[in-house]
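These notes open a run of structures that come right after.
Below, chain A partners chain B and then partners chain C, in two separate complexes.
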Partner chain A sequence: MSAAAPTAGHRTTTAGKPPGRAATRRARFAERGVDRLLLLLVPAVAIIALLFVYPFVYGLLISFSPLKGGAFANYRDFFADPFLRQTIWYTVRLAIPVALVSLLLAVPLAYRLRRDFRGKRAITLVFLLPVTLGSVVLSEGMTTIFAPNGWFNLVLGSVGLGPVSVLYGYWGTFVAAVLGILPLMLLLLIGFFGGIDPALEDAAATLGASRAVRFWRVLFPLVLPGLITALSLGLVEAFAVFPSAVLVGEPGGATHVLSIPIYQAAQQRFDYSAASADATVMVLVEIVVLGALTLVRSRLYRGAAVGGKG
Partner chain B sequence: MATTTTPTGRRAAVRGDGTGRRPRTTATGVLTYAAAGCFVLVLLGLLVSVLVQSFATSWHGGWWPDGLTGSWFSQAWADPAYGVRSHLATTFEIGISVVVVSLLAGVPAAYALSRRSFPGKSLVLILLLLPIMLPPLTYATQLSSLIYTVGLGGTLTGVILSNLVPALPFVVLVMMPFVEQVRPDVEQAARVLGAGTLQIFLRVVGPLLLPGVLAASILTLVRVFGAFELTFFVSGPGSESLIVALFGAASNPAGSAPPLVAAMAVCYMGTSLVVFALALAFVNPTQIVSRR
Partner chain C sequence: MNLRQDPHAPPPFATLRLDAISRWFGRVPALRELTIEVARGEFVALLGPSGCGKSTTLACLAGLQPLTSGTIWRDEERIDTLPAERRGFGMVFQNYALFPHLTVQRNVEFGLAMRRAGRAERQAKAREALRTVRLEEHGGKRPAQLSGGQQQRVAIARALAFEPQIVLMDEPLSNLDAGLRVDLRAEIKRLHESLGLTTVYVTHDQSEALSLATKIVVMKDGCAEQVGPPEELYRAPSSAYVARFMGYRNTVQGTVRSVTADGVLVDFGGQSVLGTFMSPGAPAPGRRVVVALHPEDLVPGGAAPRPVQDSAAPGAPAGRVDASVEVIEYHGRTTQVVARTADGTALRVQTDRPLHRGEPVHLYIRADRALVYSDDGDAGELDALAEQVA
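Now for the complex of A and B:
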C-alpha cells in the first residue's frame, strides 16, 4: 500500500501541469488518511484546545503573576507557610491509603465477578449508584448514618461493639472517598478480568494448577497492568477529593487537603493567581505519583491476554 | 473444539479433580463476599437514611425519627434560598445545552476518528481522554479564572462552557463504537445509488446512529447533573445547578435543618436516578464508567 503511493505521485508529477501538483499533494495526504473528512474533527478539537489545554497554560502563566510580590511569590507563600505546605502530606496520607484499600477490596470481588452469571447486572447497578450520585450525596448520607446515635453505631452497639466516631475527621473523608472510588475501580477491574481468555485458566487447570496457582501465576500477572491503571485512576481521584473533605471531614485540620486552599483562594479571596498556583502544585503531585506508577507499569508483561482461536 | 462450545461443557471437561462445576467455598471467598456485603449495606443504608431523614419531623439518633412529615419537601421545593424548583430548572437548562453542543461537535468528530487513521490520531485521542480521566478539580480553577476574565463568570454560558470539557470527549468516546458498527459499504452503496453527502448523512448514517446519539445524550445528561466541581467553581447566584445548591445548603456555616438538606438530596437523587434508569434502557451499564 505505502509503496504504491510514491509511484502514483511520481506518475502524476511527470504529467507536468501546475494544477496537477496540488492534486498530487492531496492524493498523497489522502493516502495517509488525511483528507477533507478530518475537517469534522475541527470543532471538537478546537473546543478542547480552547477550554482544556489553553486554561492549563493560562493557569500556569497567571500563577507567576501574583497579586503582590515577585513571580514566584505564590509558590514561595505556599511552601513557606507550614499550614499550606502540609496540605501535600495531608493529601498523600489520605489518597494513598484510600486507593490501596479500595484496590484490595475491589480485586477479589472483581475476580469473582469476572464471568457472566445471573444477577451480575444487578450487582453492577448497585455499584454504579455511588459513581452516578457523586460524593456530595454520599457525604450528606454519611452525616445521618454515621451520626453518634445513627444506624451504624446502633448496629455496632447491638453486637456489643463500642460506638465509633467517623464523622468530621480523617476517617469521615476516608470512608466517603472509599465509597466513591471502590465502585469505580471495581467496574474497571471487572472489565480487565473479563478481558482475559478463560481458556488460559482452563489450560492451567488441565495442567494441574490449583486454584491459588491459577490466580497467582496466570491471572494475576495478566491483570497486573490493569490493576495499576485502576490504582492510578483511584489515586488521581483521591488526590482531588473535595466535597467530602468539607462535609464529613475537618477542613481546617485533619483533612486540610490540597483542594481546600484552592477553593479558599478562588472562591473566598478571589485570588485566582494563588488558586492557580495551588492547582499547579496539585497537578505536579499527581504527575509525580502517576509517573512512578506508569514507570512500573511499563516494565510489566504486556502480552496478549485475549487468546485467538488458534 | 466441539466440546468447548459451551462454558459448562468446557468446565466439566476440565475439572477432573472431582470438585464439579460449583466453585468451592474458600476462606478468601467468604471474606470477599462479607466485605462486599458490608460495603453494599453501608451504601444502601446511607441512601435510605437520607430518604428517611427527608420525611422526619426531627431525628436525633435512634432507629427511627420521632414523626414523619412531607412538609420539608414543599419547603425545599419553593423556598427562595433552597429553591429546588429553580435549581432543577437551571440544571436541566445547563444539561440540555451541554448535550446539544457536545453532540453537534462530538458526533462528527467520532465519525472522523472511527473512519480514518491519520498521523497524530493517537494525540487527538489522548487529548480527548485526558479531560475525562483527570478529576475536574485539577483544571476547574484555571478554567474558571479564564471564564471570569472574559466576563462570563457566574453566568449560565460560563457554566455550560466549563461543563463541555468533560462532556464533549465523553460523547466522542461513547459514539465511536456506534459509528464503527455502521459499515462503510452502506454509505458507498448509497453513493453509488446517487445520494449526496447530505442525503447520506440524513437518510443513511443519521438514522443508524440514532440509538448511539440517544445513549450518549442521556449519559451526558446524568454526568452533567452530577458534575459538582466544575459548576461549583464557575457558577454564580443565578446559575447554580441542584448539586451545587445542595453542597451550599449542606456546608452552610449557619446550619440548615438536616431534613431540609435531605429533602434536597432526595430531589437530586430522584431526578438523577430517573434519567439514569432511562439511560440503562439504551446501554450496557459498564459503558457508563468507560469515561475512565
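Now for the complex of A and C:
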C-alpha cells in the first residue's frame, strides 16, 4: 500500500469555474421543489381550471344575477319555499346513511380481502362489477329485481314474508346508491387495509391480543383516517345522487334531493341563475359535512402504518 | 434486573420440543420433519441462507403459521394447537413491528395490558423494561421519532416486558447499520445472560450465531444440517455447507491422491495439501472432494518458506499452497487477502502480516485445519451461498 494512486483529494484544485448565474438560480428553485417536473402538472391543472374552476366561479357569479329581483333573490326564493328548502334535509337524510351503510358493509370485506388468498381476485371482481354498470343500468335492473313479481319478492313470499315495496321511494334510491358507492369504498379500503404492515398484527398476536383486540387496538386506529376518507368520498357521491333518485325513487316526494331542483331549473326552466344558486347551496352543505370530517381526521394518527423499516 | 419475579408467572418449563414439524406451501416444502429441542436458558440460533426454512420455523413456533404436520411441546403440554396469543412467547421482528400510533411506553405496555395487568403494575413494568434497554427517557415518544437501533430496542423491551418464558427473534439486527448491529448484539447477549432468557434466534449471519448462541442449528432445505454448540460447529463442521456458514470462506474442489496416517492428501489447484477427512465413510484415492479452508488458517509464510508448525501447533504437519497476492483489503490489525494459485483458484486469507499486491506467497495450513468433505455435487450451491454468507 506504499504507492498510493492519486486520490480524489487533488480534484478540488482543478475544479472548474464556479457555476453560472442561471445554473445557481435553477439550483435555488430546485431546492424549493420548483423544477421541470412541475410541467407534468400542466395538463391536470389546465383541465381543472377550464372545466371546474372557471365554470364554478362563473356559476357562483350568475347565481347573484337572477332573472328578476335583487342579487340574493335566488337564495331568498330557495329558502322561502318549503318544498325547495326541504331538499337539503332530504339529501342529508339520504346521503349520510348511504355513506355510513356502504362503509359498514365495505369494512369487513376490505378487512378480509387485505391479504392474498385463493379466490381473492374473483371475489373482488364480483364486488367491483356494479361500478362498471353505472347508476342508470343499476336502477333499471332494480326495477325488475324488486318488482312485485321480481325474484326478491318471490323469495320473500316463499318464506311467508313480504311483499316489500322497495321501489319508487326512499329505499329504492338508498339501495341503488349503496350499490354504486360500495365498490368505490371497497377499492379505497382494500388499499388502506393492505397498507398496514402484517407484522403489526403478528406482533400484537404474540403479545397476547385476540383477533378482535388486534382489529380494534391495532388495525382500526391505523385505518381510521382511511375510513374517513372513504366516508367523505361516499358522501360526495351520495350528495350528487340523481338518476337513481328519479328512476327508483320518488323524485316528487321522499327523494326530492338537491340535484332535482337544480336539474329542473337548468333543463326545464332554463333559469341558469337559479340552478347555480341551488348548486351553490348544495356545495355549501357538502363543505360543512366534509369540513367536519376533515377536522376529525386531522386529530387522528396519520403516519405510515408500518412498524419501523418496511 | 428482576423482571422475572412475578408470582403469577407460569411455572418454569424444562424443554421446548419441536417434534418432526413440517410446513408445506402448496407443493413446496419449507420445513421437512424438523426436530429441535430447546432447554430452558438456552440461546438457540437457527442459521441458514434465505429459503432454508429458519424464519418459517420461528413463525410456526410463534403460532403465526400453522404446521402441516408434527407437534410442538412445552414439557408435557402440546402447544402447536394454541393460537399465537395463547402461547406467551415474546417475539422480536426484523422490521421492529412497533405500533406506530402508540407511544413507546404504550407499545411496551401492550403485552401487559393484554394480560389485564393493573395500570400501576403495567406502567412500572414497562418502565423497568425500557430501563433494561436504556431507553427510559423516551417513553413518551412515538416510534417514528426514534432511530432504527432505538426502535429495535423498544421492540425488545416490548417482547420482554410481559415476562415471557421464551423470546423469539427473527433477524432482529439485519436492518441495522454495521456498528449498531455489534452494539445491539452485545446488548442482546447481556439481556440473555442477566435474565436467563430462553431465546430462539433466526439469523443468516454466522458472527451473530457464533457470538450469541449456546447452540446453533444450521438449516438446509427445511432440515437441520448440523446441531451443536458454536465451538463444535466451528471446529468440526459436518459438511462443506456448514463449514461455509462457520466462516470457511474457501471451499475448493479437489481429488484424493492418497490416504496416510496423518490424513488425506488432496490435489487441488495443481498442488497437494494434507487434510482431515470429515465426511462419513473412508476416502479412496481418486475420489472427488471439497476442501474447506478458513481464512485464518491459511498462514502466509512469505517468499522464503518458513516452518509454521512450531508457532501454530507443535507436531501438526502442515501443507503448503503457492499463490500470488491479488487483492488486499486493509482492516487495521488484520488484512483480508485474495491470493490466486497458478491454476486460477482464489483463496481468501486473513493475516496480520504486511503483504503486497502481486507478491508470491506460500500459504501454510495444518492438516487438522484443512477440512476435507466428500463432494456431493453441490459446489455450485456453495458458491451461491458464498454470496449470502460473505
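As a working rule, the second predicted complex is superposed on the first by the 261 of 310 C-alpha atoms of A that agree within 3 Å, B and C clash if a C-alpha of one lies under 4 Å from a C-alpha of the other, contacts with A are read in each partner's own complex, and residues count from 1 in each chain.
Everything below uses one rule, namely that contacts are C-beta pairs under 8 Å (C-beta built on N, C-alpha and C of every residue); 3 or more make two chains touch, one makes a residue touch a chain.
In this text the structure is predicted, and so the values were computed from the model without any measurement.
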item: First, second, both or neither for A:Leu207, with chain B first and chain C second; value: second
item: First (chain B), second (chain C), both or neither touched by A:Leu167; value: neither
item: First, second, both or neither for A:Leu222, with chain B first and chain C second; value: second
item: Which of chain B and chain C A:Asp197 touches, first, second, both or neither; value: second
item: Which partner reaches more residues of chain A (counting touched residues only), chain B or chain C; value: B
item: Chain B versus chain C as contact partner of A:Leu125, first or second or both or neither; value: first
item: Which superposed partner A:Val136 touches (first chain B, second chain C, both, neither); value: first
item: Residues of chain A contacting chain B in one complex and chain C in the other; value: 199, 202, 205-206
item: Complex contact set, residues of chain C against chain A; value: 62-64, 83-91, 93, 95-101, 110-111, 114-115, 142-144, 148, 151-152, 155, 158-159, 162, 168, 175, 328, 330, 356
item: Contacting residues of chain B [partner chain A, same complex]; value: 4, 7, 10-11, 14-15, 24, 26, 28-29, 31-33, 35-36, 39-40, 42-47, 49-50, 52-53, 59-63, 104-106, 108-109, 111-113, 115-119, 121, 124, 127-128, 130-131, 133-146, 148, 161-162, 164-165, 168-169, 172, 222, 226, 228-229, 233, 243, 246-247, 250-251, 258, 261-262, 265, 268-269, 272-273, 276, 280, 285-286, 288-289, 292
item: Contacting residues of chain A [partner chain B, same complex]; value: 32-35, 37-41, 43-45, 47-49, 51-56, 58-60, 62, 105, 108-109, 112, 115, 121, 124-126, 128-145, 147-152, 154, 179, 182, 184, 187-188, 190-191, 198-199, 202, 205-206, 211, 233, 236-237, 239-240, 242-243, 246-247, 259, 262, 266-267, 272, 275-276, 278-279, 282-283, 286
item: In the complex, chain A residues that touch chain C; value: 1, 197, 199-200, 202-210, 213, 217-218, 221-222, 301, 303-310
